[in-house]
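Letters are used for the chains, namely A, B, C and D, taken in the order the chains are written, and counting of residues starts over at 1 for each.
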Amino acid sequence: MTHSLKARLDSVFKDIETEAGRDGRLTVIATAESVVPVLRFLKEAGHDYLQLVSCVDWIDRGEIEIVYVLSSYLRTGGEAEDDPAEIVLKTRLPRSAPSLPTSIHVFPAAEPYEREMHELYGVRFEGHPRLTPLFLEREYEIPPFRKDFDTRQYVKDLFGSVPPVGEKS
Amino acid sequence: MSLPVLLALALGGSLLTYILSGINARLRDAIAVIASLTVAAAVASLYGRTVETTLGTGFLGFPLVLRIGPLSWLFAMAVSAIGCLSVIFSLSYMRGKGRTGFYYAMLLLVDAAMLGVVLSGDLLSLFIFWEVMSWSTFLLISTNGGPALAAGMKYFIMSITGSLAMLVGIVWIFATTGTMQFSGVAAGLSAAAPGTRLGVLVLFGIAFGVKSAVWPFHAWLPPAHSEAPSPFSAVLSGVLIKMGVYGFLLTMYVVIGMRGFLSLGWRALPVHTILAIIGAVTIIVATLIALAQNDAKRLLAWSTVAQAGYIFLGISFGTAVAVAGGILHFLSHAVFKALLFMAAGAVEYRTGGVRDLDSLGGLIKKMPVTFAAALIGVCGLIGVPLTNGFVSKWLIYKTLIVDGSPFLAFIALIGTWGTVLYGYKFLHNIFLGQLPEKYANLKPAPFSMRLPMVILALVVVLFGVLPGIPLAVVDAIGSSFGFATLGVIPGGIAGETGTINMVNIFAAIIVGVVLAWLIFRAGARGARVGQADSYAAGGPVPTDRYQYSVHFYAPLQRMLAPWLRDPVDAFYGGLGARVVKLSDGLRRIYTGLVADYVMYVMLFLGALILVQIVWRPW
Amino acid sequence: MDRNQLVKWLQAPAKMAHKYSLHAVYFCTGCGIIEVPPTITARWDAERFGVIPTATPRHANLFLITGYVSLKTLRAIIRTYEQMPEPKFSVGFGSCPINGGMYYDSYNTIKHLDRYMPIDGYIAGCMPRPEAIFVAVTHLWTLIDKDMADGYKRYRRYYAQYRANQERVLGRLEWPPLFPAGGDA
Amino acid sequence: MRILGFVISPLAALAVGIFFLGLTRRFMARTQWRYGPPLYQPLIDMLRFFTQKSVSHGAIFDLGVILSLAGSLVVVLFLPFGRICPLQGSGGLLVVLYLMLLAPLGLALSAGEAANPNSSIGISRMFALALGYEVPLLLIVLAAMTRYDTISIVEIVAAQRAAVPNLATFPLVLSGIAYLLILPALLGLRPFDVAQAPQEISSGPLAELGGRYLALAQIQNALSLFIGISLFVNLMWGGASNPLVFFLKMLVVFAFGLWISASFPRLRVEQAVRYLWRWPTLLAFVGLLLVVVIRR
């Protein structure tokens, strides 16, 4: 391998930022459109294990950040400079209408994560075959993991209104 | 009623039905039912009589003889009764299907031919009726076309092979004894060399073995049974393959004679023991294969092969009790297997031709009568006490154990456990479990289907509780063969050959059930719930279907898979392919050009002339 | 067995049988379930008191809810409770079923379990130790003796109210009402 | 006396069976260093089941459970308990073998109508396992029947009591060992309890049975414990002239079964069937072969 992964990423994709961090961690910041190509590239480069997909609500910046963490089963990583043990792929979406192409064609394991994020953060994944409810039993106006969701008020409204059972006094 | 009139009635009914089918469908149905009922009644009226009639004309100078004795009566009764019930069952099953007139005529013709087979008193008429039976059966099996045609072809080729063997046997007997009437043949053969008797047995054995589907001649049966129309499957499985059993009984105990048959072979390994072992092999192979079937009728067909093994084991074991058990099991099997095929047919009729065990289920809620009938049928098949299957199997086991063949008894008994497994699979996958939504509006079976099933189910239980009724006839057959009588009482048999009293067992089971029911009643009452209220780990039952019965005995099948392939069928398939290839090669000779044929003739003549010139043989 | 016990057995055998044959269906929610294995195995041996775990609610007469109840589990809990044959007793385990416990402000966890199904007793604590389960069992015995463990009767009586509360948080329920008349009250 | 036998024999069988059920739980508890429930705990459980309301899934659901119990009750009538044997001359051991079939069949019908996938899996396992242990069991029973040349249990017992122990009894020793090896499978105890595995398939066929249905199933279970052991004592160990000795013999055999049961973990269906078709079958086969050879 003549070029490091970082260098190859930089040469192939123009609209991403890469940063080699501590402990063999490579952080990639991509735009919404390049997420799937980057994931595919990384998978083909051997980082074929999608550890998790996560989501952060940056309410001050008005952005929602989706974080993919990739690693490899076969390579322990970290020994050489060009072989990161963990790759963190981040992308920022506008908070008002977060939408991202689905990545389940690349990593089938992303399916429940995407359903979860759709349910709890209201992120829309284009092309996902079944964005049906996964955990929640009720419908919420504001997705409950968003920071502007007032849980105390919600609890008061919903559970506070359930009356005790028994003889009506 | 004299025998020729009876046969004429049976054949005439078939012909009349065919003529009427062009005129009026209702009239045709009525005539078919009336004809078959009349025949059954006429046969029943001949109970206990021994008649022998020579037909006026002969055939090619040979006299044609009809006769009836206990053996013929029992088989004739089974044939005409099952035939009659299957005609009634056909009334709704065949409605709206094509070529109904042809179907009815053929069904009645098969019945008539079978009657002819069991009533014939000489080998020539036996052979004639046998051929008529084979032909008409082939036409009926392949009536649906497609895979049914292939199944029919398989049957036909094997049947023809058997018939040829039989013809050779007949010629041999005639050459040895100079007569074709059974009475004369028996006298002639007892004086003949053992080799002749063995040869006759083997040749007839091929013919009857093919018909009764004994291993290794069983390959035709499963496809034929599953592809034929269901009412005819009932006849096919119930009585038609029993013609082979009749033939065996005839050959073993009438033509060759009991003493002659039992003394054949070597001291350490008599021929009848070899035949019994073949029966045992049939049981075990067919039972294990039946376990793996996923088509309702194919499962029943393999079970027929297995049960034919029991019958064969019984009649060839050659003790009084064993032969009685074998004959009784023929009767039991005719009843419950006809019943089971009818139940499968009723399900097939209502669900629009579905026989796949994996896609049915829960039909008990929609077809309770059919389920009850099928339950009784399966109980008979397994041989649960209080059904007729129990008595006949008990007789067979009993003699196998007491007369020193524990290994044969072991195979027969383990075959019964196999029967439990596939019998329950049949019941569970069709009737128990959850009802698929597409069958939510299924109607129960029509009356004309329920009636034969209920009658047969009642017979299963009646002969199970009072086995003395059929055993009296069976005992008469045994005595006519020269066996000791069994000491038949209404509840079973009593005497030195072994005791069974179904009335006692019946009483005990009734008391047991009543007691259990009383205990049950003593408990706190519960509520009736539907299939949606089932334990699903706290979750709600899915709306479509919660329970599927696919791969019912998967672990067992995985274990047995290497042994579950049928090498015999593969052998016949390979043989068939070879013959086709060989025939293709031969066909090249027939170019279709007259000039070539003229050349062949000239060459042949030239060769003859050459031979004559060189060696002068003529 | 002392004389008192014998008299009780003779007077009300059914009641005594229910007391000493508590077959429990554990609903393994939350952290409370971790206390159950020690309870039923060699260290504490609940079988001494006739308490054993069963696999299906059809066999059980004691329902232990061992921890917080989210909305999704509530659905399954109600279903399981309704499938248990009467008479049946239910015990909430830990502080979460009592008032939500540490999940007091969770948007998805119910706060008062006894508003959705009847509870015969609570074991307080976060989380209670196995001994507390035995205390609860002995307490339940007393309640059964005094005919005060009548949760299943209350469920029948106030079924309309319970069902209304269930549907208020869960939306429409997939199964038909257990008591179509809506209970006695 | 004979009429009395009809009453005594099922009651005795029930008492012994329930005692064995309690003993099983107690024994298992003590092996696991627990104190365990009182011996009469199964009785309390049954009483509780009877007084609990239950659900029914249909007519066959009821009928199956009743049939299952009735089958076991009738089998008990055929088995001599000491000298008590109400049904002596009505078909003997063959009828017993067949009637033993009613119990699983009834339970299977009941579980089939319950329409629960756990039940279906359970039945499938139950039947597969039954096919597994029936192979050696039939060989063993046939060896006994061939050895004494009768199918009546009473006569087998009498013949054993009359015979002096000599070389001719030796082949049945092999059969006896084979019987002991399959005993836990016959009784549905631990290494072979895959049909009713509570942890994986929610008690299998029993998953939907509650209240009185479960009580009936428990009684049937108790009777089947009695049947499996009493068959051994009658066929292989000479029966007994009085019920107490018979009971003591049963206790010894059952203790052996419990010992195996407490020592081994649960087997999968294939493993169980493979085991049952290997060593016990081989022993039973050799036993039967010896019997046949010596009989010649």
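We adopt the following convention: a residue touches a chain if its C-beta (ideal position, glycine included) is under 8 Å from a C-beta of that chain, and two chains touch if they have at least 3 such contacts.
On a predicted model such as this, the values are computed, not experimentally measured, just so you know.
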**Request:** Grab the C-alpha centre of each chain and report whichever is closest to the global C-alpha centre.
**Result:** D
**Request:** Would you mind telling me which chain pair, B-C or C-D, is linked by more contacting C-beta pairs?
**Result:** C-D
**Request:** Let me have the rounded angstrom distance from the C-alpha centre of chain B over to the C-alpha centre of chain C, please.
**Result:** 59
**Fill in**
Whole-angstrom distance, CA centroid of chain B to CA centroid of chain D, is 36
**Asked** Which residues of chain B are in contact with two or more other chains?
**Response** 526, 533, 535-537
**Fill in**
Touching at least 2 other chains, the residues of chain C are 56, 58, 75, 83, 85
**Prompt:** Considering chain A alone, which of its residues make contact with at least two other chains?
**Reply:** none
**Request:** Could you run through all the chain pairs that touch each other?
**Result:** A-C, B-C, B-D, C-D
**Fill in**
Note: in the complex, chain B contacts chain D through residues 362, 364-365, 371, 375, 382-385, 390, 394, 397-398, 401-402, 404, 406-407, 409-410, 413-414, 416-418, 420-421, 424, 427-428, 431-434, 498-501, 504-505, 508-509, 511-513, 515-517, 519-520, 522-529, 531, 533-537, 546-549, 552-556, 558-559
**Message:** Give the list of chain C residues in touch with chain B in this complex.
**Reply:** 27, 56-58, 75-77, 79-80, 83, 85, 174-175
**Fill in**
As the complex stands, chain C meets chain D at residues 13-14, 16-18, 20-21, 23, 41-42, 45, 47-48, 50, 54-56, 58-59, 61, 83-87
**Asked** What part of chain C is in contact with chain A in the complex they form?
**Response** 71-72, 75, 100, 104-108, 110-112, 114-116, 118, 154, 158, 161-162, 165, 168-171, 185
**Message:** Could you list, by residue number, the parts of chain D that touch chain C in their complex?
**Reply:** 25, 29, 32-37, 41, 44-45, 47-48, 51-55, 118, 198-199, 202-203, 206-211, 214
